[in-house]
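Below is one structure, written out as structure tokens; comments come after it.
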Amino acid sequence: MRVPESLRELDWELPHNFLGLDEAASAFETARVVILPVPYEATTSFGAGTSAGPAAILEASRYIELYDQELDSEPYEVGIATLPALSLPGSGPAEAVAELRAAYDRLLDAADGKFVIALGGEHSISSAPILAWADRLQQRGRRLTVLQFDAHTDLRPDYEGSPYSHASVMARVQDRVELVAVGIRALTADEMKLVRKAENIHLFLADDIHTGDAWHDDVLARLGEDVYISFDVDGFDPSLVPSTGTPEPGGLLWYPVLKLLRRVFQERTVHAVDIVELAPIPGLSAPDFLVAKLLYKMIGYRFS
Amino acid sequence: MRVPESLRELDWELPHNFLGLDEAASAFETARVVILPVPYEATTSFGAGTSAGPAAILEASRYIELYDQELDSEPYEVGIATLPALSLPGSGPAEAVAELRAAYDRLLDAADGKFVIALGGEHSISSAPILAWADRLQQRGRRLTVLQFDAHTDLRPDYEGSPYSHASVMARVQDRVELVAVGIRALTADEMKLVRKAENIHLFLADDIHTGDAWHDDVLARLGEDVYISFDVDGFDPSLVPSTGTPEPGGLLWYPVLKLLRRVFQERTVHAVDIVELAPIPGLSAPDFLVAKLLYKMIGYRFS
Amino acid sequence: MRVPESLRELDWELPHNFLGLDEAASAFETARVVILPVPYEATTSFGAGTSAGPAAILEASRYIELYDQELDSEPYEVGIATLPALSLPGSGPAEAVAELRAAYDRLLDAADGKFVIALGGEHSISSAPILAWADRLQQRGRRLTVLQFDAHTDLRPDYEGSPYSHASVMARVQDRVELVAVGIRALTADEMKLVRKAENIHLFLADDIHTGDAWHDDVLARLGEDVYISFDVDGFDPSLVPSTGTPEPGGLLWYPVLKLLRRVFQERTVHAVDIVELAPIPGLSAPDFLVAKLLYKMIGYRFS
Amino acid sequence: MRVPESLRELDWELPHNFLGLDEAASAFETARVVILPVPYEATTSFGAGTSAGPAAILEASRYIELYDQELDSEPYEVGIATLPALSLPGSGPAEAVAELRAAYDRLLDAADGKFVIALGGEHSISSAPILAWADRLQQRGRRLTVLQFDAHTDLRPDYEGSPYSHASVMARVQDRVELVAVGIRALTADEMKLVRKAENIHLFLADDIHTGDAWHDDVLARLGEDVYISFDVDGFDPSLVPSTGTPEPGGLLWYPVLKLLRRVFQERTVHAVDIVELAPIPGLSAPDFLVAKLLYKMIGYRFS
Amino acid sequence: MRVPESLRELDWELPHNFLGLDEAASAFETARVVILPVPYEATTSFGAGTSAGPAAILEASRYIELYDQELDSEPYEVGIATLPALSLPGSGPAEAVAELRAAYDRLLDAADGKFVIALGGEHSISSAPILAWADRLQQRGRRLTVLQFDAHTDLRPDYEGSPYSHASVMARVQDRVELVAVGIRALTADEMKLVRKAENIHLFLADDIHTGDAWHDDVLARLGEDVYISFDVDGFDPSLVPSTGTPEPGGLLWYPVLKLLRRVFQERTVHAVDIVELAPIPGLSAPDFLVAKLLYKMIGYRFS
Amino acid sequence: MRVPESLRELDWELPHNFLGLDEAASAFETARVVILPVPYEATTSFGAGTSAGPAAILEASRYIELYDQELDSEPYEVGIATLPALSLPGSGPAEAVAELRAAYDRLLDAADGKFVIALGGEHSISSAPILAWADRLQQRGRRLTVLQFDAHTDLRPDYEGSPYSHASVMARVQDRVELVAVGIRALTADEMKLVRKAENIHLFLADDIHTGDAWHDDVLARLGEDVYISFDVDGFDPSLVPSTGTPEPGGLLWYPVLKLLRRVFQERTVHAVDIVELAPIPGLSAPDFLVAKLLYKMIGYRFS
């Protein structure tokens, strides 16, 4: 509903979009950033609630300062449009991924150069945008690198009977992209074998990178020019983000992640991003805040 | 943000308004019902969280069936517009009430015969719309009856230092209206004295009306032709609505309330309504559902 | 793991099965009752968590008294086997229902006259056991009546894109059975039209049956000799069971439900039962207790 | 700490005692009512948290109106002293009960005719005050009747290895008193046998008394002149009080309980009371309110 | 209520004051430390519940060891008096601050050299004690430095319509004091401009100080001799204190904060302290513990 | 219940044991590891719920990857049997410890060289297995070292009236063993005196070891050849494990703990382990995951 002219000047709450932006700053046509909420959830192993993730991120974002002291700027000024949440009502994960792919392609066509950020929902959704970008780049003779932040490799051929589970999302895309995964600390023996054989997959195990940031150079060295970032929030340490399905101890911390992201955005072309697997815990909003801020930092890095 | 034409047909989530209605059914211009969320909270005694009430009601409403089997109709067809939440950022309850009065008057002017439902927030907000209607009716030589559903009389001259507290809201209006209060089961000795002296106040104590519905006739007999309904959800029994600041045992039940409301809407002119004091409990959505349904039932009764 | 002989006599906790029964009372071979947990969840509209329902029911059941004062007996003595939870890892609801049907048929073959109770999970699972029984009875030239306790008719042709959603479960079976639905208070206009046309569907709207139990006779009159009970716990009033996806106010109460069930078990042949849609609320165990007790009452009624 | 004279007139919060009474109304010396919190918890079967019961009751009580509309009086005026919580740090339930007995006797000596209300904690504590009163009355040649509100008979000879468990509390006293138990709906076959044999035990099963109040006369008929009320809050229906260890469906409702209590206080001599087994659920204060109000109603009935 | 002499030796719970101290250790007259709970809450942006902060801190403090191994002493021996919570029932933030100022001045007069610690409630309350100390020092020709621990600068001229909001508290005092703010990581562009122009304001951004403690010297260098510490608990990292209104990632950690505080207390004169913005999360007591311990550490540092 | 042969191949959930292992991998007879849940809880000071600890650990463990990337192996292959939970229904802590001792001795006899891990429950249970091992080693002329991870020394002679409280557990064993305690940050002055006098007790205060891991050598130097590890999860920082009775800030972090444990297992003989004091917070599973993983890491270290 549009508020009628005569009532516009009353003191209404902030709009329910990312950062609570007004119409000028959030119009699709002029925005350089588009946020696509995809609250899809079907196969999460333990706990539940990733379908509530996008709404929690958007709600928390309304209380974030628009000014970023690290960048000394107000990144929202590039315009950030928040789409309604996309439903994927197909009869299973395979259909859901296909539906998302179709929608994402239409969005890229409509978005025309805008920076698209998908908010999950569970990780299974990521294969759709990743393959969309892999295809587009391939047409230009280029190959996509996926920079994955995650506790799990998600490289199982299938999981709980489905090849489209959140635990298999990277298996769905790995033959099409270079894969650099950061923060990994839970995988199967088979996944490890696969990784060791595959030349296009490189893991940065959490066990190896929990001190210092010397490894940042190594990550950068593995990244091609064209990057897609798939950020499973369980990559973070559970002290920061307990709100996820399978919280693995020993994860990534805030400042090292920011520092790495800033370099990636500066030194590579990041085409698109997804942030997935936030399963908000009622009454505990701090992780929702962190994820909302992560998203805003990435927008800031992208356009600074 | 308006979804661009080319993306309209994707399968977006229901809009975040009452019942999740599409644009046609929820446009302000054509809607015969207007919902005004007023998430104001400043003085609630115990617990907290009435500021989260309107959002919880709207969220729950999106899962309500549009068809009403009691009325055998789809009441939403009259059009229901949901305004953004109104902020009342003044420096205290007195200012907040004044701000709401000004906004409400502007809304009545803009709404032109629409049926306005205010959603609190705490009960202190009710005096603004009540006095707006008392004034309008007085100009036509008529006198408003307030039908109050409540566990408390809210007739204290002041409370915790403020004459504009939720516990004083009816004291703020009682010299201007007839007051019929249903479900009362907690009041002070002074309030009881006041009630006994006042000719324009009539209580239906919960102690007296917890069985049967013979008392419905008595309520009707006390109501003038012009009615405003102020529904504090703590009027309900806490087994139905524990989500409120001071849940008093021994309250009203679902079907008797509906039955009474239906008669009131049929036999009197109900000019406007407020529903207040829902303080949602994280993880317990049933009371939010009940209140959303109560609101939809009242809309149905009003236009059937 | 079986506790080794030498450690058997230590004071171990009760087993984690229905009622915490020892091996003798819970062995599949000798038990006359078999409980099949089916924690399937894919399409629930609002909230989530029906996949945690079976475990919560079993956990609560371990604190239930084995003696039933209404029946003056210990119904567990007929033997009650609790199967592990059945996974339905197919790629969507249609596959899940097919998998359950196959498993259920095998169970009926293995169970040989045992009384099978399926615990959901969401209501979508019910079509599998219902059709299994409809087929078996049809082979004997008989027709099954489904006695559905529910707030919703679940008769939509499809919902959120799937014909196998919880909101469509009765549409999946209605051409094969007589359907008697009790406690209904939320349905679409189309569902109501369908009901009015269908000769084999009869609704007992909650609006009509919330006082007294005179309607019990009418329910009995509608039931054929062969009955399957599908109990969606949202049929209960949310004051009793708020732990469900779409809690509708105005539902069924404890004693009237028991009284009706007892008559149904006494006067008809109840072949099997399911109990679905419990979505436990962390910290609030009372609804889990109620559902566990409901299940034990049904077992008692069945064998008394 | 006593606030120094010079700071007395500042606007301090209500004191943390029952009803938040000031010093005059709550001094031990002049009060006719004494509340003894006994947050003892050792053997509760399921869930936990009865040790938090007394504090939750006292906290909720601070928001209760002092005026009682049913009695048209302010019952607190008789003076209500709230003692600090009594610790029972002995090495097990037997010792705890012995310690409580010693403390309770000293309290009765010190209290000299005051009306003592013990707040549990688990039901196991009740045997101490009951036997204290049984002894005192026996010295006067009289016999105590215990009026027990409860879902369970608590007549097991022992439970989980202890004869002093909450499930055995009435077994500990039953040879010394007449026992009238109201609201019972969970017991063992052995308990039922015991009840049937015992002439001094009478059960009012919840199954039999859930409609009307005709049974009130029968309860009164069973009560001797000298009564002790032991109120296990799980006697209430779980829709009213889910906050208890083993919430059994089908329990007592608010108004019938009040009506019965009023008659008991009017027609018999109630020497003392305990209220036990409230296990507060974080975020759900309504049951705490109900129990606090129940306590205040009993004080009102006792002195009106 | 004072426990009567004859009941004193029973085993009562610890008193409900800071650390659960007995009367001797907590009497106002002899205590060198006074704790003033000010559970005021009116303007917090997101979430709610700072009014429950003081009670949660006091409750947690009762389980803290009296011995401090870092200091090898029992700091409570200086005497710590805990006042009742101060109500600020005025009609808005401006009035509330004025009322607190008046009360605080009276307390300083009555306290006569005692070390006063105010516990919020929201940050808006801090301007009252800060200005009280600024005035007192000015009369002695000295100027106060405020050492602020915080995620936010709180330097907005006004917020949500009020110049007395928690987001404006430092704007209310900044022309009267030197301001050194530590842990800042969320501010507006206007606030940053103000800081850059102001000679008396110095920020230590969290971005700059999250490793090592070399910056401690710089903080000390900025502090005048006379210090007031205003500790907004959102200065801590949300992994330590998620229980606050706007939890910003990237905050301060435990040991660096202690180390800095110890030096400040040793090398400067700390006149008074406030700790604000704890909004306890039901069921999650760890942050309450941390804040209680922080307070005890500061008392220890002050008197060692 | 054993699933009948004909139903075995259906897709059942993972078994409810540690890691969800199948029968082959979890049979007592062949397993080299035995997990003994001891959900005993009687004396915990603040909060409650350690009795729910073992079940939460086991539940979380079912979602842990079997492969360990640090060890590049699947440690479960040694076989891990999970016993049912052991009840200790005696009438108090002294009896409970005696019962556990008897059961533990029988288990060691039956287990014959298996690696036994006890899961509490509260810390008071640890004295039973520790003394069992001290006795066995003494018979071989050796002396046990207890490596205690803990926030508290637990060396009080008694606590809340009991010498068998969780706060006294190490006092119960300290004359029989060498005691090396890591992570201590809360103790009494008397405990500190005792420690300073005792030659067989060595503390590593959290204050001293929160940076780096140079102290690991010192810990190793204090350990005898024969080690028992008693791991109170409150040794961890509350940002990692808030789910415990008295969460003390400033605790141990994940990687340093793992690194130390690995060395201890490699360089000493660890005879047995207990993990205690996890009090799960409903809705917050991350700490349960961490503790389950800790347990699996210790098994991995033990057999690698």
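Things to note:
Letters A, B, C, D, E and F mark the chains as written, and numbering starts fresh at 1 in each.
The rule we apply is simple: a residue touches a chain if its C-beta (ideal position, glycine included) is under 8 Å from a C-beta of that chain, and two chains touch if they have at least 3 such contacts.
Just so it is clear, the model here is predicted, and its values are computed rather than measured.
Of all chains in the assembly, those touching chain C and also chain E are A, B, D, F.
For chain pairs A-F and A-C, the one joined by more C-beta pairs in contact is A-F. Mostly identical positions are employed by chain D and chain F in their mutual contact, as over half of the interface residue numbers are shared between these two copies.
Separation between the centroids of chain A and chain E, computed from CA atoms only, is 38 Å.
Distance between chain C and chain F, defined via averaged C-alpha coordinates, is recorded as 41 Å. Taken residue by residue, chain E touches two or more other chains at 11, 87, 89, 161, 237, 239, 282-284, whereas all remaining positions touch fewer. Chains touching one another, given as pairs, are A-B, A-C, A-E, A-F, B-C, B-D, B-E, C-D, C-F, D-E, D-F, E-F.
Across the complex, chain F meets chain C through its residues 1-4, 6-7, 10-13, 15-17, 23, 26-29, 39, 81-89, 99, 103, 106-107, 109-110, 282-283. Interface residues of chain A, counted against chain C in their complex, comprise 41-42, 48-49, 51, 87, 89-95, 160-162, 164.
Only residues 45-47, 161, 184-189, 191-192, 205, 207, 210-211, 237-239, 242, 246-250, 281-284 of chain F touch chain E when the two sit together in their complex. For chain B in complex with chain C, the residues that touch the partner chain are 11, 60, 62-67, 69-70, 72, 74, 237, 239-240, 254-255, 258, 283-287, 289-290, 293-294.
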